[in-house]
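Structure below; questions to follow.
Chain lettering (A, B, C and D) follows the sequence in which the chains are written, and residue indices restart at 1 in each chain.
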Amino acid sequence: MTTIGIDIGGTKIAAGVVDETGRVLAQTRRATDALDPEAIESAVIACVAELRSGYDITGVGVAAAGFVSPNRDGMRFAPNIAWRDYPLRDRLARGIEVPIVIENDANAAGWAEFRFGAGRNARSMVMLTLGTGLGGAIVLDDRLLRGAFGVAAELGHMRVVPSGHYCGCGHEGCWEMYASGRALTRAARNALITDEDRAGRLRELAAADGGKVRGQHVTLAAAEGDPLSRDLVTELGRWVGAGIADLVAILDPELFVIGGGVADTGDLVLEAARASFRDQLSARGYRPEAQIVLAEMGSEAGIVGAADLVRH
Amino acid sequence: MTTIGIDIGGTKIAAGVVDETGRVLAQTRRATDALDPEAIESAVIACVAELRSGYDITGVGVAAAGFVSPNRDGMRFAPNIAWRDYPLRDRLARGIEVPIVIENDANAAGWAEFRFGAGRNARSMVMLTLGTGLGGAIVLDDRLLRGAFGVAAELGHMRVVPSGHYCGCGHEGCWEMYASGRALTRAARNALITDEDRAGRLRELAAADGGKVRGQHVTLAAAEGDPLSRDLVTELGRWVGAGIADLVAILDPELFVIGGGVADTGDLVLEAARASFRDQLSARGYRPEAQIVLAEMGSEAGIVGAADLVRH
Amino acid sequence: MTTIGIDIGGTKIAAGVVDETGRVLAQTRRATDALDPEAIESAVIACVAELRSGYDITGVGVAAAGFVSPNRDGMRFAPNIAWRDYPLRDRLARGIEVPIVIENDANAAGWAEFRFGAGRNARSMVMLTLGTGLGGAIVLDDRLLRGAFGVAAELGHMRVVPSGHYCGCGHEGCWEMYASGRALTRAARNALITDEDRAGRLRELAAADGGKVRGQHVTLAAAEGDPLSRDLVTELGRWVGAGIADLVAILDPELFVIGGGVADTGDLVLEAARASFRDQLSARGYRPEAQIVLAEMGSEAGIVGAADLVRH
Amino acid sequence: MTTIGIDIGGTKIAAGVVDETGRVLAQTRRATDALDPEAIESAVIACVAELRSGYDITGVGVAAAGFVSPNRDGMRFAPNIAWRDYPLRDRLARGIEVPIVIENDANAAGWAEFRFGAGRNARSMVMLTLGTGLGGAIVLDDRLLRGAFGVAAELGHMRVVPSGHYCGCGHEGCWEMYASGRALTRAARNALITDEDRAGRLRELAAADGGKVRGQHVTLAAAEGDPLSRDLVTELGRWVGAGIADLVAILDPELFVIGGGVADTGDLVLEAARASFRDQLSARGYRPEAQIVLAEMGSEAGIVGAADLVRH
């Protein structure tokens, strides 16, 4: 039983044929015009048509950023694409005959880790995707938590600091503003001001890349061993661990999986997260401790997870 | 199919025969000696023996404060009773022939609300018990969330303020220290110092009750209309709502049920919680909003929930 | 004994002849080219030359934003003008024969209030200028506090929230980010997202003024009675009061004077500041309470204060 | 010109003859009965009588904890002694003919450091006494800051964390609750719960000293090299530095002097304070940096400062 998984991003659509073991058998992609839903639909339909030749496809899973409707047939709202209470499944069904399921992209990626990646031996798991923002997915007792209204696991918007950093969501102190690529960018820009003497490597990388320092420069410099960048990633890791301690108090999962670009710093962010998690874990010593590990599925996680969810 | 529910507290054991609709058909109780596990077991067995005469009992559910083992056969740890990795089910089975299930008391109370009380029409729900501390229970897709290690829904230990109030758990800023009877007690004692002019009614109630002001005095005075006490309950309600907003970001349930002694202030705490929840709800306007209501089951919730859980 | 006061801003130079009672007898102004220190000096010298005819001038006081050197002869650093360890006094002395004193502009404005405005009957006073940023001046025992290094009273950079809002200074949680026009702008933009239903008037004002809502729209709408804007100003006022309580713990002055554009909201910001100050004042009831009042000197405060400081 | 300095504590009165260079020429002491103001006065008068024989005494300075009246003739309020708007100077004058001045004890100790100790070469200085609580003294332009109402430099009650630790003053988040012996005690008790494995040495010291761990055990163990205790002192030092950064933004002094029992940890607390001060110092690099050093005067600082203040 092979299915197709499609990951609709802000700038491109990636699609793949995925088998029951999570292997990607074939892939294709198209550019996205975020302002033109019809063009997106045509591109998705074209991807499916292209991939179907040669495979017996039993369903199509579509992942996209935003709020998915509870019965997984449409997008309530998307941050990057002009969708608002949009019947995406019906629109796609005009050109795709097999069953279609819509899912949030972070959920799809988390599901892929749960089924085939770092969480394949777990029964409950939380995935944290530290990309530009902080995406989340929650699996409890082998089931993806979708929420009463389809918008569970918006983990980046837990408030970790009252009156804290402003978030694009309009609120203050969201976890995402302390634990994401965006957070790293902001922290690095501040460090250029407050820690000028140690910021040489970041200035170099920024200068070579158009001028403004960004999170990616920090993860790169941290990997090289730059002390300031390592401090910045460590601080971010501490916030990751602090939020994990909150999630443990609520969900008590056995596993946390860290993915996304910031996770490329590997052990650095992981060790900091583990340490601050342990520091803040309630009733430590009276309970087993959840594990925190890196994701394994890479950038295909969205495709694989979406493809698999259409089977569940 | 009638079952028995038993609620083991720090000072007493309450037991009842409960039918499938959640009605309590008969009740009994015994005093608890928290230091003597054997005496507790004898008392539980005696309660069951007393209640079984005249009813066809198919199971016994036992609720107690503390960490329950994942397979619900024992107590990993209890704050009030001398249990530590304690095989409570086997111990009780010496004198009880029907199936026995152990459950955390807040979970049992929450389950009762879900099945027969304020949550009976919901499919997902979070119960907050604002007693001395802040207890929680989480029901998702009709299932009680128990956690990978049996200790989910320790909601009182989410951190809501970094470097915030000290908690008995050894950490700082736990939600419980801002939203519980204990929090109300502490806030009231501070108000006696900082808001002396308005604290007359609280001083009176405290003086008539042994000297020190406690949370109960505040809820009582608030019900009478005392302005300072109403301010204190309102402030507590704001913290309740703030934590609810975090839980919505994570769990996206359709309903929150507020119980425990502080909930006796009714609309006052409820309105404050609703307002601050709305203020802090991420993506408000793009999603349905969870409801926040008062609990309906009263003090028998533990018995009823425990009795029902043995059937599930 | 008349002196001249000069206020060098980012876009204009304002100058005036001021008598010993703080009256402005004559005024003139020039445009500023912030990138060209020599042009600024020529403009200042021209202002002085113009104003001296007809008055017996005994000194010139010059106010500008930035860090003034301890002996008041130059600018260590300016945020808006290309000065860095700049010998401004000597440069100006080439074209001005009377004594010259350089002073920070917030200090000059505060001194004017102390000598001739809201603080004229006080012996110790703190001035808070709630403009785009939050400027401060401190007068203790009739003396302007300049600091060991000339940079006292940078009150906007007290940290009021650990891990709080990012500040342009590179740090987090600075008071200025909670109590200034910039803070009001940011809070209003967030309210457009989180409190859409009540933001109609702010959207109107912003639309009529180029599109983006700014702090000035909020103070204007608050003056009209717009409920959301009044809430935003009240919240800002609470942060003003909270910081004042800190300053009282440190300095114990008898008076706080609130000026700057945000103070145009008058009683609204004042009442909120007073209330939160009282809520947070340590040892209230055991000490007299500092007064909090509005500034009286208006936009000429910088000129008047600079002119008077050259006499002291 | 020799004077007498008297330090009235909660349990004892210490008195000494002090010369113009700050040397203590003779000393005596009496026990204090905090509930009996008359007994305290008799004891003070007796101390003075005893010390006057053999010295030509021109004045008596009296230091005590609490709020001193602005003209230094009485105690507005004392935390430990039954004084409330108490005319202490007149009461003492019944038995002492030379001029008497009353001063807050932290102010007296700070003045001693300024005149004869770590601050003798400074013109502006802040003293932080990290004892059970956090006391402060501020010297600006060679003058002790007393405040409009006599209660300046209550530095321990600056709020460093909104909704933070409860303080005995009735408020939340006071600096004293993060940077004092009391804070160390509380942090250590928490560490016994949350960091059990590393708390062995603290448990030993507490057991050998009556059972409960106290701040003194932490400073002792830290001096021995105990890793957990060193972490606790370091964390305290960070809060010291964070508050110092706030004081620099306000007062811009050239020097901070750290005294009190916690300062016995020496370099450990000092290095942590310096590092976090630098991390949080606004406009670092554009201004000279205040120095942070240890106090030099020891336990006689109160006597020496009080004795010297009667001359000023």
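The rule we apply is simple: a contact is a pair of C-beta atoms (placed from the backbone, for glycine too) under 8 Å apart; a residue touches a chain by one contact, two chains touch by 3 or more.
Which chain is which protein? Per UniProt: A, B, C, D = Glucokinase.
This is a predicted model, so every value here is computed, not measured.
J.: Which chain is most remote from chain D (Glucokinase) in terms of Cα centres?
T.: Computed centres place A farthest from chain D (Glucokinase).
J.: Counting C-beta pairs in contact, which comes out ahead: A-C or A-D?
T.: A-C
J.: I'd like the Å distance between the centres of chain C (Glucokinase) and chain D (Glucokinase), where a centre is the mean of that chain's Cα atoms.
T.: The mean C-alpha positions of chain C (Glucokinase) and chain D (Glucokinase) differ by 34 Å.
J.: Go ahead and note the Å separation of the Cα centroids belonging to chain A (Glucokinase) and chain D (Glucokinase).
T.: That gives a centre separation of 52 Å.
J.: Distance between chain A (Glucokinase) and chain C (Glucokinase) based on Cα centroids, please, to the nearest Å.
T.: Chain A (Glucokinase) and chain C (Glucokinase) have C-alpha centres separated by 45 Å.
J.: Where in chain C (Glucokinase) do residues touch two or more of the other chains?
T.: 161-163, 169, 171, 194
J.: What part of chain B (Glucokinase) is in contact with chain D (Glucokinase) in the complex they form?
T.: Going through chain B (Glucokinase), the ones touching chain D (Glucokinase) are 161-166, 169-172, 178, 186, 190-194.
J.: State the interface residues of chain B (Glucokinase) toward chain A (Glucokinase) in the complex, per the touch definition above.
T.: That would be residues 67, 76-77, 122-124, 136, 138, 140-141, 143, 145-155, 157-162, 169, 171, 174, 242, 245-247, 249-255, 280, 282-283, 286-288, 290 of chain B (Glucokinase).
J.: Looking at the complex, which residues from chain A (Glucokinase) come into contact with chain D (Glucokinase)?
T.: 162-163, 194, 196, 279, 284-285
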